[in-house]
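Shared between the two complexes below is chain A, which has chain B as its partner in the first and chain C in the second.
For the complex of A and B:
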């Protein structure tokens, strides 16, 4: 098959995942080249000659109609031969999405209790076993040996980071920077937006001991949350 | 789009997310979002480890009592520095006073030391008056580990102060305020 013929080939007709038009298209091209083009040239010449006679005009018209019908029948088998053979195939892999994240800003005013903050999260996953399950890997931009850390450019403060499979900020799963958690559950398998109701929580905590060694300043970090199906 | 409007669009809609905002993940075989964490730590101080001072039945003077204290301060300049304001609940004219169950008062002297040792070198504290900047606070441990204490508050009753007081039990509550400035 020529490249031009391949380009003309319809791409949506398949049978058992294989195109069904290769043969039909090739035969149609051969038919057009060997039969109808000469026939067209001959008949045009012949009909022009005899059309000078008014009595043959009706014959010419009928011949042209017949010629058009033959052409349609010859070309359209590409489509007409397999009118119900189209098969659409798509494989949906395990897909996940994390969204609804917010920044966490803390301004502790005393050392009497830990400084805590949280953001709710929407996790979508189409993982089947178990339904709505996923894994989380949280990585601190300024991590050291798996510790989450904020920095002011000079000093560092380590802090605790936690994951919860509900929107609650209860510290249920302790995170280690860069380390994938065990399999989590509770992700939405029906809505990319969790229908507006978050289904997870990422939260952090600075203890007074962690804060104590740091001079006054604003410290920051960026935590990357990667949700994966496995 | 005109470059001017592109600039306006960028500043209003895109720049904040680049500079400030969390980013959201997209649907895929993995999905990644980011959370910006920020904590502003102000100058923080803490005093702890205080005990009551009970002189009992003082029969010799001056009668001295004290308690050690742990002061934490993250003030950077100088590191671990702080100020102290001590206030007597029965103060009068800046004087520390104890009071009996009636209407009698005894003036006493109060002192602050930035070590755990009693130091009653004058001048004494004035009730409600902030001291000069003190040093020696712990900048690393809210429990002043490992020593457990790094300051001392002491009181003194001399014979002159006691001589006019009727025999009775006298008490006072002293509030010690630590501040970074």
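For the complex of A and C:
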């Protein structure tokens, strides 16, 4: 029922006991020394003789280009076999982008029920494993022992903060100030703007008990949401 | 009522004016080799206002544990990493680069850092002089945490896979982090993916997963983008 522990090494490309890049580089130097330099010297001397006549200057330029192309095709078998072949490599970096987030304002009037507020978010991520995953760390400016708090300068009111991996304001993941969440999924991996449909939600809630104990005033807080790939 | 409506409109206007919209790329950086360094691009997407960005590097002592504390990098020589500059002022639409340089002389196992890019905006969302009732304003700022991994001088990627009845154990026994790309199980002649709690496996980290079936498991992983040999557990 068990498998042996296996030491894994990355697969690397080698040719004649040399890394392929080094091998290619050495072959290129040899090609330049043995073929290109003598050929260019000869063609340059030959064409200089012709170019004494000014009308031949354009011909010289075109001939040089033609000779170089022929030389390249004859030396490089890839070009000879398929002149349209070209190596194109693109490195796509790991990206995470969050947009569409807004501030939250509340004016609780009914102390019998909790005061809630939410903002929808678009999270784009191309981070692998699994695609569309990310982590969130929410930090309250006036936090105390992991509690989110608003303040009017003298008084503090604590509140609950939540993250949801859908646009719904359901209180799915309870956030603790300064603590990274578990891996979240559901980020878009196709559109930086989520095609206009938000795929996450940040919401807050003040319980009636939390509000009732505080004097009427204007309270504020700043929450920094740091999104990271791991 | 009219006063409250006007105040709400004013708050909306303020919020749109002060939000910073930045982007950071790449979000995962690997530093390998003796003299390695790289650049991270920061772009201000706002076409009207400047973005003021603060860059703070943290050393993660136990990156596998998200609840563990992160220590701010203050001494580049001791902490093994230097980030320059620490603050950026980005004009509308502008992109600037932050340089990340490895200063650690010898590294035996991965050193993992998180470099936070936080836009600095006005923190007061609502006026402090509202005499009518109670009002709350939460300003929400989005920042980005880039993972910087200083890889060891001699990276030895190694994974251990074991299955005891219906319990799967995956352990990173090497000295460098690996990315699990798939963990599949043969169920009724079909391969089904086993959802794992995490797919980034830091050096020394262990994942335990309870399986629904006791059929063979196949695990595939990457080391710095290169595939490792698949592991099997019968």
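Keep in mind that, in the parts below, the second predicted complex is superposed on the first by the 137 of 230 C-alpha atoms of A that agree within 3 Å, B and C clash if a C-alpha of one lies under 4 Å from a C-alpha of the other, contacts with A are read in each partner's own complex, and residues count from 1 in each chain.
Quick note on the criterion: a residue touches a chain if its C-beta (ideal position, glycine included) is under 8 Å from a C-beta of that chain, and two chains touch if they have at least 3 such contacts.
This is a predicted model, so every value here is computed, not measured.
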> Does the chain A-based superposition show chain B and chain C clashing or fitting?
Replying inline: clash
> So, does A:217 touch the first partner chain B, the second partner chain C, both, or neither?
Replying inline: both
>> In the overlaid three-chain picture, which partner chain does A:143 touch, first (chain B) or second (chain C), both, or neither?
In response: neither
>> By the touch definition at the top of the document, which applies to A:173: first (chain B), second (chain C), both, or neither?
In response: neither
> What is the contact status of A:227 with respect to chain B (first) and chain C (second): first, second, both, or neither?
Replying inline: both
>> With both complexes superposed on chain A, which partner does A:194 reach: first (chain B), second (chain C), both or neither?
In response: neither
> Which partner does A:107 reach: the first (chain B), the second (chain C), both, or neither?
Replying inline: both
>> Quick check on the superposed pair: does A:95 touch chain B, chain C, both, or neither? Answer first, second, both or neither.
In response: both
>> Is A:183 touching anything from chain B or chain C once the two structures are fitted on A? First, second, both or neither.
In response: second
>> On the A-aligned overlay, A:208 touches which partner chain: chain B = first, chain C = second, or both, or neither?
In response: first
>> After superposing on the shared chain, does chain C or chain B touch more chain A residues?
In response: C
>> Running through the overlay: 1-9, 127-135, 163-171 or 199-207 are the candidate stretches of chain C; which one clashes with chain B?
In response: 127-135
> Just which bits of chain A does chain B share with chain C as contact spots?
Replying inline: 93-99, 101-109, 115, 117, 119, 150, 157, 202, 204, 206, 211, 214, 216-229
> Quick one: in the complex, what on chain A touches chain C?
Replying inline: 1-3, 5-12, 93-99, 101-109, 115, 117, 119, 127-130, 133, 135, 137, 141, 150, 152-153, 157, 179-183, 202, 204, 206, 211, 214, 216-230
>> Touching residues of chain B toward chain A in the complex: what are they?
In response: 20-44, 46, 72, 74-76, 79, 138-142
> Which part of chain C faces chain A closely enough to touch in the complex?
Replying inline: 4, 8, 11, 15, 19, 21, 23-28, 63, 66-67, 114, 116, 118, 123-130, 133-147, 156-165, 173, 179-181, 197-200, 214, 221-224, 226-229, 231-234
>> Please output the residues of chain A touching chain B within their complex, sorted ascending.
In response: 93-111, 115, 117, 119, 121, 124, 150, 157, 159, 192, 202, 204, 206, 208-209, 211-229
